[in-house]
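Please find the structures below.
Each of the next two complexes has chain A plus one other chain: chain B in the first, chain C in the second.
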Partner chain A sequence: MLDSTIKTKKTLRQIAGVVASLKQVPIVPFATIFVMMVVAITADWIAPHSPVEGNLSISLLPPSWMDGGNLSYLLGTDRFGRDVLSRLIYGARVSMSVACLAITITAALGTLVGLMAGYLGGFIDTILMRLADVFMSFPGILIALILAVVLGPSFTNVVIIVLIILWPRFARQVRGEALSIKEQDFVVLARAMGVSSWKVMWRHIFPNVIPSLAVLVTFEVGWVIILEATLAFLGVGIPPPNPSWGVMIADGRNYLEMAWWISFFPGVAIGLSVFGFNMLGDWVRDRLDPKLRQI
Partner chain B sequence: MLEVRNLKTYFFTRHGVVKAVDGINFRVGDGENLGLVGESGCGKSVTALSILRLVPSPPGRILEGEILLDGEDILKKSEAMMRKIRGVKISIILQDPLTSLNPAYTIGDQIGEAVEIHQHLRGKLVFRKVVEVLKLVRVPEPEVRAGDYPHQMSGGMRQRVAGAIALSCQPRLLIADEPTTSLDVTIQAQYLDLLKQIQEQSGISIVFVTHDFGIVARMCDHVAVMYAGKIVEFSRVKEIFDNPCHPYTTALLKCLPRLDIASKLVTIEGDVPDLSTLPPGCSFAPRCANRKPICDEKYPEEVMINKNHRVNCWLWSPQ
Partner chain C sequence: MQRYVLWRVIQAIIAIWFVSVIVFGVVRLTGDPLCVMLPPEATQEDYDQMTIKLGLDRPLPVQYGIFFVGVIHGDLGDSFRFKRPAADVVLERLPATLQLGVIASLIALAIAVPIGVYSARRKGTLLDNITRGFAILGQSLPTFWTGIILILVFAVWLNLFPTSGKGGVQYFVLPAVTMGYFAAAGIMRLTRSAMLEVLDSEYIKLARAKGLRESVVVWKHAFKNASLPVLTFSTIIFVRILAGSVVTETVFAWPGVGRLVVESVSYRDFPVIQTVVMLMSAMFVAGNLVADILYAYVNPKIRYRK
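Coming up: the complex of A and B.
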């Protein structure tokens, strides 16, 4: 067979493999997250009303399927007459963007620290891990609150808070992986072929750390969403009038009896998204674990 | 070409100092092969790592000695200079082909890594070199195989790839640390033949770290028998089979099962000693059939049996 034929057959086989593995993808978490992402990105186009401008004359309208409801305000309105659905949609954007950005930065920093501690070892390892211990020994929510009050409410600060609380978890896990991977023969061989420490960390250790890192990321995203909502609920999150799900729950707190929908729907949204990410994490872990054991 | 003088590599652990390599001397000439033989735990692999200065450094340290590569002591070189020697002048093949390769990259990428670093090539030129070295280790269809991942290959093929990586920058010395132990017997023979062919073509020297006298007989010019961190006997290969002097060597050779005569399998009584609590005299004394009182008191001096044969044993000393 010609080389080109061999190569084409190989590529087709690889594509078929990817398509086949897509079939195994669990629908529910993927659909949930996909929908959230789409909603977050297309908020400007799909939200029926503005999330911040309210019409006092239609405040506290119940969801459309109930008595007194209005079809153009599908999930009702809050006490300022703002459309719950629209706020929910924009809230998705807030939650998703905080979660994604915060997790990315935290994972990056935590991974770097973990790689250095695990691979370089010795003094560097001791210092970095003691630092991680210090950060981890404080209860997360407490730190979050204190920092939020000290730093003030803003998008950046929420990301910083997540970073401060969460980096040790990533660092610890990556360090553990790095410690076991660096004993592998191929790492010894890479060093024996004259590859420098940083190149070894980047090319050999890091790619083999990615599977467990991916699992951790999916699980922590749910946590970050909840943290952001908690901070918003307590009034120290992203400032108004940005419609965070947490803020919506806070707003509806005093109306639980008469206008339950203001707090209910954002609560459901949080629950669904966390659930979706956790299920995704389970699936990722199941897929990657057996392969991990090969090493 | 390679001369090791009085090399001492100790591991400083909480339970004591483990004298993994305790003052060994040997020489490897150009194009010659040395077999470093001994049981598990005798220090042969640590010797290999010490030559490359890859001893894991928190517990381990090279305390003393000189390792002369073409006359230059590489123990005195900086880490940066060592990185130019590793892979280029000295390479290593490890025992387990399964873990010797990074599962995340194609074998072409892994072979190409050393080529990129040491020969400063990029892209197509790297690929060409990779194919060239794959041909050298007799991997069929090298252009296609270069895109394979390690898990797509058999053990024997992987060990060839490991060989390819080691030979990619034309080193002068190859250290083969039990290269065939994980392979099945027919593949073992093929692999050794391959190494012999490569040696004939390139004049490379090979140090075989092994417990298998068969490999020594087939591939090596000289052999050093190690026990508890020391070389107890060193000679030309033919002589070690014809005239083994050290009781440990004799015992090891007796352990080899014989195919011509039906006989019971022989073992050496006792266990390898704890390297952190070695006795003052000869380390083999507790298990030696020819033990004398002096063996427990002083470590045997070196005795030259003839020009090419030395042994450390009181049995052969004039006393």
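Coming up: the complex of A and C.
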């Protein structure tokens, strides 16, 4: 009886704690990211026009609130008469899917490497970490550019480039955590009971690195979005006619004086998404990992 | 300390060597340079002659050996496009990139430090959030977009600055602001956390208790100590700005190394690409090395570890 009352009280307190922490949730970043995700998923239904087929008779139409604007083309059209808003909406799909896929694969591989290096130690640790050091000493954007040229422009290749540039950061972070966790009693005990290395890593160490992993993931997503857009801008990212935001900005560059809207809106979309992830990252870091605040 | 420095230098050298292997290998895979260099009406004989002249017919390890010996002698081959030593072509462009990088770094500091100091003092207030948001926004906007918008507003519409190219002071403003604003957020965060830590310490409380003016406490007592990690980090920011010049220089038609490498990629000008990547990586590694050593020097915990 007494036992269950205590339990109930404890649960209540936990719920109160969760509610209190929710109050501090930054609404704006969460809302931005949520909207971007929804737009990306529902692009087929909400886009008013085709993102790739244009109508040359209505090219370079200004946004609807300006002189000569057309209400059916809210944000205007580009030089091929394609609807900027529709391209923006499908661009969200490109950007979000590259970012999510790339960060998931990179975090998974980086975590695996980090766990192995940190937990197994010795020779494996030395090899993996020296490799990580070398990869981290490349200037990222330059290597991305050259890899993009070598591999050719495609969705998969952008993901591969992100993986190559970003895995060491995850590996190093996870290794550091694993090193200190493996000294703790519960891990030592598990090993003493003969639990296999893989199981210790997966069941005992991995759950404890999740918080710092979450911080890193939120921060790096923003960087991946910018990298994807940059490669697309330089003409070596997701190939046309896919409406990547970076491609749209590059398209509008030559029409800047007469049609600023072609380049302007995709930049706003990139800025909003990355800003959302960066703010969220700041918040997650402050909540989960005070140690990391300095970086 | 000496052992630590020595170990870091060795690591840096290994890293640069590895970069040379990767760059050499990767660049060889980008496609056949002869397709771009020779006119369409070139015969098979022209083709073979050129292949031999450039050494492209030999096995890859031999090509790498020649390349590596060359690198040690400062000879990175002749540019396919300019028919001159690649090192010369790149070094000619380097000053423009370095000038822009230095000015962009100063702008980044000028944006970030006041915001960092201010938001540490007024932690949690509305203005703290707004100024911090301003800095983080800079990191969220891709430089090529910021650059284009600045060109549109300040060059095309207001006609205050030239749209692109290099010349007097006015040519530096837009590209340097573009790069500096992007880099500011990192410095701002560091300044803020360093200031928060220092402002919380006993000697600041004492300084305040003595009745010193707030500006003296903040700038002379607190910031002086908080500035060490900021300055250390600035070397890293500088090399990151240099690497980022690939994009900004393309937007502003800046005659520097970044634009050179983007052009060279489309010309398949291997020697120039190799030289730029080697040079940039070397500067990148050197910048990180300097930052690490400075950091170890000011932080006894690292200094005495090994």
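The definition used in the following text is that the second predicted complex is superposed on the first by the 265 of 295 C-alpha atoms of A that agree within 3 Å, B and C clash if a C-alpha of one lies under 4 Å from a C-alpha of the other, contacts with A are read in each partner's own complex, and residues count from 1 in each chain.
In this text, contacts are C-beta pairs under 8 Å (C-beta built on N, C-alpha and C of every residue); 3 or more make two chains touch, one makes a residue touch a chain.
No experiment lies behind these values; they were computed from the predicted model shown.
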Is A:274 contacted by the first partner chain B, the second partner chain C, both or neither? second
Examine A:189 and indicate which partner it touches, taking first as chain B and second as chain C; both and neither are also allowed. first
Can A:141 be said to touch chain B (first), chain C (second), both, or neither? second
Once the shared chain is lined up, is A:165 touching chain B (first), chain C (second), both, or neither of them? neither
Of chain B and chain C, the chain that contacts the larger number of chain A residues: C
Just checking: does A:122 make contact with chain B only, chain C only, both, or neither of them? Give me first, second, both or neither. first
Common interface positions of chain A, toward chain B and toward chain C: 294-295
Sort out for me which residues of chain A touch chain B in the complex. 3, 6-7, 10, 121-122, 184-186, 188-196, 199, 203-204, 207-208, 294-295
If you look only at chain A, which of its residues touch chain C in the complex? 130, 133-134, 137-143, 145-147, 149-150, 222, 226, 229-230, 233-234, 246, 249-250, 252-253, 256-257, 260, 263-264, 266-267, 270-271, 274-275, 278-279, 282, 293-295
In the complex of these two chains, what residues of chain C are touching chain A? 11-12, 14-16, 18-19, 22-23, 26-27, 29-30, 133, 136-137, 139-142, 144-146, 148-149, 151-152, 156, 185, 189-190, 193-194, 229, 239-240, 242-244, 246-247, 250, 261-262, 265, 273, 276-277, 280-281, 284-285, 288
Okay, in this complex, where on chain B does chain A touch? 52, 54, 57-58, 82-88, 91-92, 94-96, 99-105, 110, 113-114, 117-118, 141, 143-144, 147, 151, 162, 165-166, 169
